[in-house]
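Residue numbering begins at 1 within each chain, and the chains themselves are lettered A, B, C and D in the order written.
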């Protein structure tokens, strides 16, 4: 099993670089020679596509973990740039500060004004630090709660982009009540009479994710993951071997496919051919379409129906045996 | 005009000490001599009572400021000790900390369970520091808001004891949003469908007071004060002379009598003869009676009526001329 | 900086000499250092709302000096002389990108923009109009706080305006507040902080207590350089965004568009 | 400290030798150093609720090992062996000073009190019973957090129990939570933190992340001595009171009395 994402992406990247170089060269050639070169290039492209089809067509759980965390994967702000218009970012929890690891604001998706929140990772080291690696502090959840409240009062649907390794677990977070903040996030979400749609675009990291993700509908990108614990953490606890993350990833069933089978998410959103990082715009369009579809579905319900529907959805999650003899519920 | 409270209390305290000494001596005397002494003692008592009657019967605004701030005046916890049973103190704002300058909890007044909040000053230097001189920080108002919410959900009336020189104005308070916290306190109070009664027991210091004092009914102890700014602060701004506090106290109309005349409070609660500090228990009983009377009055209203009544009350506060020619409104 | 119609003026912020015309065209923001100068209520209205859309209401309302407070009458007269208005808050109906809004704008030149009965009543009516018409409320603050010359009546304006904010909140009516220099004390601690969205112009003074009181209360602590500025408030999560004056109108239009575009509820 | 019925035992906290009988009579709190030992669910029920009032519900509910997770079946069997229960949470009806309550008590010995589908369902039903009967819910926590052996199903129990808390909140039903050692992670970050009133036993471990993770994430910062204890949580405003075990019952009775005594609403 591949140990790193770069291991299988490297040949692909080289192939792609080679193809672009050839395309550049081709432009300088006279038409007849260019035509001759076309066949060669198309063969390379075929090779590339085949490689992608084979590799990305059957990624294992651990490989998906690597893709979900890939450093060139589109982040929340990329989706906002691609599908949101008239965006106004809103800041601050009115208590302590503004968390840069959770973005929040109002904008239009399609022709629909909505409140949007999402974890934000950084792409280079400086931005990563600025975004605290997408690990939100209490003020992030409290900012989101403030915006959820606004959405409810103005009848705006809510979209949550989920992409976090975990909530920030440091001293400051404990001091300001990270646990309370996450719980309060869910608590608030369950009160909303407007459609709420979450999209797991990368890592759905445990409490850090669900704190803004207890939505009416939960969608996952094809290669996103959603887990109660990072696989490395699970492996460290169970087998005292953080390196056994691949084994834990399989056991935890953290892929979109597993989550759908368990009935815990509503839809898998396809990524661009070869992964979201290979086609951020196309992937964003798929996400937009899926979100608008869910708005349409939920728009048919009254606020009370939306609340009841959401309650029922989560209330029914769980698998347990009720009687000593058997009888499955859940 | 008296410059300090001790100036007029000193002879009184000496007189009282003298009387107790005589009473002690009297106990050791044979009955006939004791009877003879009784007349003498009663004369002293008469003198004391006359002094009190004259002095406390016509305190000026500045003198009331001094009495309201007196270091032996009963504080919130003294009222709780005297009139509240089954008291459970509740702590914390679920955000940052527990403010010791605002007490909060549940207990019974009469036979009535209610939520109680109140500023708390300290009596000795150590306790004063612990209570931050009764100056609340944002977490104090946010704790109160949490308890107000509980009161509303469980149908419990709310009692606020007001006794603060001002909200804490330091760096930390600004960082955590003292202004937002005070505003949010009033904002929450205006949403409550339960009776809310505030009693200004000492200093009603501006925003620090109103942050937990925007109640259905506002009562003031006879010698309490309620002001938009401390008289010394007012004097410093207007006349560049903080020592002109007495002049400012008169101009600001900060006594219970003035507040009642302006229609800004509902009732003056009498203190024990010679001030609350001279009879904490009797004063507390007067306060209890006044609170229960207001509960009775407000109990006749539905939650919506309570909210509407409270809105009307504050909405009508203000004095302005509407037309160029005249016509008073407000 | 004086307002006299000289051709040139010297910026208080950077000391650079500026053309008056350019300065005014730049919305009274120094093109060199970005210093945002205070605006009169009329200037603010002109650069913010759709051209000619503002219709003033309650212009005649004025203070009665209910406590007969020393020197208050003179101060009211001086405020009138310098602004041509009866008090510190101007309110009315206006449009933003075609959307009707209920608006109020404070003028700092009238007794430091302080809030007495008149300002409290006008802010309350601004919110009540928004509720009645089901349109957003937009308020620009510029104030030192409550007006001590009306004593406890002024303190009660904090409660009164907060009650109106609550009513707007419960009615689902959007309320946006823009902090301009300065936004302090009793106003910051009441309706200003209760808006759904709070914008602030750069480097506006924003705080609870006067600088001297705050420093004294903070004891030995060193106050940060940006203490009690818009940027400090932003850093601590108290406001949504620090917005350049030139962008305020567009931001308001976006917000009003979104907040009135909801389908649910 | 083992539970075997020796006449003496040595306290883990202060190393003093104690009489077993006295120790048990003292509610398993060291009379010398005040160390609060963990209780089984049955012990907790016995010392908390009115004598004989507790009636267990859903005792038969058990996990189905839905992911066929490595070694989970063995751990469930071991949990059963050490507690005689099917999972970590015991729920039922009980009385407190005569007042009926819907109660749940966690037993740390069953897989570290972790929350999988069964615990989540039982907590949810505890709150739903409280709503249906309009009586208070009282829950004692003792847990390491979510149960990873049920993967995403366990994470969703955080949402499910929080949804039930919301329903109880909206219904005006009081919910009191008592944190006992330990109350961590996924449970702390869901229903435990959503109670109206939170009490905690002294020095219980209360926190979001494991000590090692928290230390690592905090970089060079020195963690306070009381980091992730009841006292730390209290200091930071996260819980209402740290209550000695001997006072928990009386405090609960007072709270239940007040919260069910409202006339308005």
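The rule we apply is simple: contacts are C-beta pairs under 8 Å (C-beta built on N, C-alpha and C of every residue); 3 or more make two chains touch, one makes a residue touch a chain.
Worth saying up front: this structure is predicted, and the values here are computed from it rather than measured.
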Least hop count linking subunit C to subunit D through chains in contact: 2
Per Cα centroids, the chain farthest from subunit B: A
Chain pair showing more contacts of the two, A-D and A-C: A-D
Separation of subunit B from subunit C, taking each centre as the mean of its C-alpha atoms, in whole Å: 33
Geometric centre distance via CA averages, subunit C-subunit A, whole Å: 41
Where subunit A and subunit B are represented by their mean Cα positions, the distance between them in whole Å: 54
Of all residues in subunit B, the ones touching two or more other chains: 94-96, 175-177, 180, 184
Residues of subunit C touching at least two other chains: 169, 193, 236-238
Graph class of chain-chain contacts, one of line, ring, star, complete, other: other
Inter-chain touch pairs (all): A-B, A-C, A-D, B-C, B-D
Partner subunit A, residues of subunit C touching it in the complex: 169, 172, 174, 193, 196-197, 234-241, 251, 254-255, 257-265
Residues on subunit B engaged by subunit C in the complex (per definition of touch): 167-180, 182-184, 186-187, 190-191, 206-207, 209-211, 214, 226-229, 233-234, 237-238, 251-254, 258-259, 262, 264, 310-311, 314-315, 317-324, 328, 330
In the complex, subunit B residues that touch subunit D: 86, 88-98, 106-108, 112-113, 139, 143, 150, 152-157, 193-195, 299, 303, 306
Sites on subunit A touched by subunit B in the complex: 94-96, 138, 142, 175-177, 180, 184
Of subunit C, residues touching subunit B in the complex: 58, 60-64, 66-67, 69-71, 117-118, 120-121, 124, 146, 148, 150-160, 162-167, 169-170, 185-186, 188-194, 207-209, 213-214, 217-219, 221, 223-224, 227-228, 232, 236-238
